[in-house]
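Before we start, here is the structure in question, set down as structure tokens.
Each chain gets a letter, A, B and C, in the order it is written, and its residues are counted from 1.
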């Protein structure tokens, strides 16, 4: 049990260290976040104001929190759909991974979560700070939202990793997962609430979104962190996230085993 | 030799490479269909991002949805066409790593021209279709005094928009010589610029107006021509008559792009310290 | 009349960031050479010695930090496009062809790029296809070619516009023996027919021996040898090595083999495999083999050529 924990900790660390090499990229990311952030501020603030200063519970301050938190989380949540695993399955290197005494699904997800968590330092925090300083935003004054929000954030990142894992694993049966990856990339940002808060969607679209894991990746953590939902609401969102993670985990596990069998049958 | 090189002969190699790229893309039937589909979806999602806002309010930045639709149509159509022909230019790091650029040096053709004609992304046609549809609908729904003035304005807008977005890709390419892993920084202004171009510039803060109004003149690709066409008022620093100045903005954009390209090439060759 | 290649004190420095400090490294330092039309020059040196950098400066890809360079009478950086019409380059690692197009189509595009008339194009393409035996894979996409086929296509692509100077950067790397030989024969014939000047960088001494009459050796940016191949071996005292696999384990053959200029290098596997170095000027592999065969039964043998790094090291040492 202890050695398993140690292995996962090492993987987390390794993911962490890999990211620190890309420092200039981090600066580029900050510039990108600032640009998109300011553009979103322009359009969304105008929307809130045109609606009379309040729109589905959002005022200008809360909208600002939403904008800068979403920009900050952008580098940590996988909205591309691509993963190293997909390449390894395509090349057949996955056979080596199966020989290792670590669960492939868990190892892949944990490594990626480690990388994502690290991204929070060069990308996440500066973006939020930038927003707070340049534009100003409303953040909760109590500790509750931050504590729950941190948990929600961790869940959200893991959920995105687990979903991308499913796409990669599909590679055992589908020759070219590129189609799935592109589809993921196109809809993920939109349905995760990257461009417009999901509360602003028309009812039917909002419903459609909640049927996907995307809101759990980004919108829910932001809702909790920004204090838009109260304790009850936060608990509900967290429960939804846990449910999604469990589902994705189980499905991923089943698919991995099936894929492994597929590989063995084919003579891997 | 003593051959007179006609325009046709000069263009032959460029046409040959482009034609081969087109053929190559169309030959992978299933893959191409997939790319077209995803491209279409991207266009629809981008339109949805704006439409969703107008589900909540009637007017944004002084424009109603039918009017913003026209802004989106003009800007996104021009962007998709530019992406089709120039989109690969900001992918310079790939060329650098493969050593393709060195191969370009060994051919008796201008470097930039080789880069531009080295590829074409036909799949963007699907996305252009979304922009075109939005534009056509926008032109139909809104009350426009159709005459030579209106036609000229729309024509200028589309052409200038295409040229401006093309310049953005070239600018980004030139900067890739300096930036290692710097794609994100240029993406901020290339794709951020696209996003900005579909917005009503009247909602922008001063810094945004400076950046996307004048430096990377995105407002000239859609917003300004539309308010000039529809006879609306623009914000303080961006009056509606600027809609006619789109060609000037395009010229400025290309000047900047070529300058950055020159700098980048000089840096790659190690000339000038 | 200036030569095909003429460099005077050519220098190229790079700054490399190491931790906090910045170091200026000279990839090429004070290189002065002259190559006349029709020559075949081999350009050898260890990896990172400055060969690629020199070529990049000759073709206008890099600007020299100091000194001057003239290629085919033109200044490479300022007159790059004009120069491109007169120079053909084959990169061993990079491809000039279009990856997913059939080989024949690449040739057609290149002919259009060089604005060749259709008669010239037809004549030249046919000539190259026949002499390099490419007819069988003309319709195959480049990415599906074997290395040997690809190199032939690359060479043809470089020679299509009948350039005055052909630069080959490690063209035979990774090729099997037969392909190497055929490529070398083609280059020799091409030179004889068209008087093309040849500049070849390589790690393969066989290339040098069969193709070049002159050798330039570069070591850490400096030219350390400029002369013919015979002189190179003499300067260096280069040894070839005969490796014999014996039927029965035998003690060191040193004492037994009495051929002048031979010395025993090593024994492996309890004397089953023995390495004998011999001075190529004093004796031949055949003579050594004969002497060994008189004493023991030889099951198999190999002859190794002197290692480039070894040659260069010896030259450098000889200059001290």
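Note that in this section a residue touches a chain if its C-beta (ideal position, glycine included) is under 8 Å from a C-beta of that chain, and two chains touch if they have at least 3 such contacts.
In this text the structure is predicted, and so the values were computed from the model without any measurement.
Colleague: Looking at every pair of chains, which has the largest contact count?
Modeller: Per chain pair, the contact count peaks at A-B.
Colleague: Farthest chain from chain C, going by mean C-alpha coordinates, please.
Modeller: It is A whose centre lies farthest from that of chain C.
Colleague: Could you name the chain whose Cα mean is nearest to the mean of all protein Cα atoms here?
Modeller: Centre-most chain by C-alpha means: B.
Colleague: Could you give the separation in Å between the centres of chain A and chain B, each centre being the mean of its C-alpha atoms?
Modeller: Here the centre of chain B sits 30 Å away from the centre of chain A.
Colleague: Roughly how many whole angstrom separate the Cα centroids of chain B and chain C?
Modeller: 46
Colleague: Where the centres are mean C-alpha positions, what is the separation of chain A from chain C, in Å?
Modeller: Here the centre of chain C sits 52 Å away from the centre of chain A.
Colleague: Under the stated contact criterion, what part of chain B meets chain C in this complex?
Modeller: Within the complex, chain B touches chain C at residues 3, 5, 9-10, 12-13, 16-17, 20, 24, 98-100, 102-103, 105-110, 269-272.
Colleague: Enumerate the contact residues on chain B facing chain A in the complex.
Modeller: Those residues of chain B that touch chain A are 31, 34-35, 38, 41-42, 45, 48-49, 52-53, 55-61, 179-185, 187-189, 192, 195-196, 199-200, 203-205, 207-208, 211-212.
Colleague: For chain C, which residues are in contact with chain B within the complex?
Modeller: Touch list, chain C to chain B: 12, 14, 56, 59-63, 65, 77, 80-82, 84-85, 87, 89, 91, 93-96, 98, 100-101, 105, 108-109, 112-115, 117.
Colleague: Give the list of chain A residues in touch with chain B in this complex.
Modeller: Residues in contact with chain B: 22, 24-25, 27-29, 31-32, 34-36, 38-39, 41-47, 50-51, 55-56, 176, 178-179, 182-183, 186-187, 190, 195-196, 200-202, 205.
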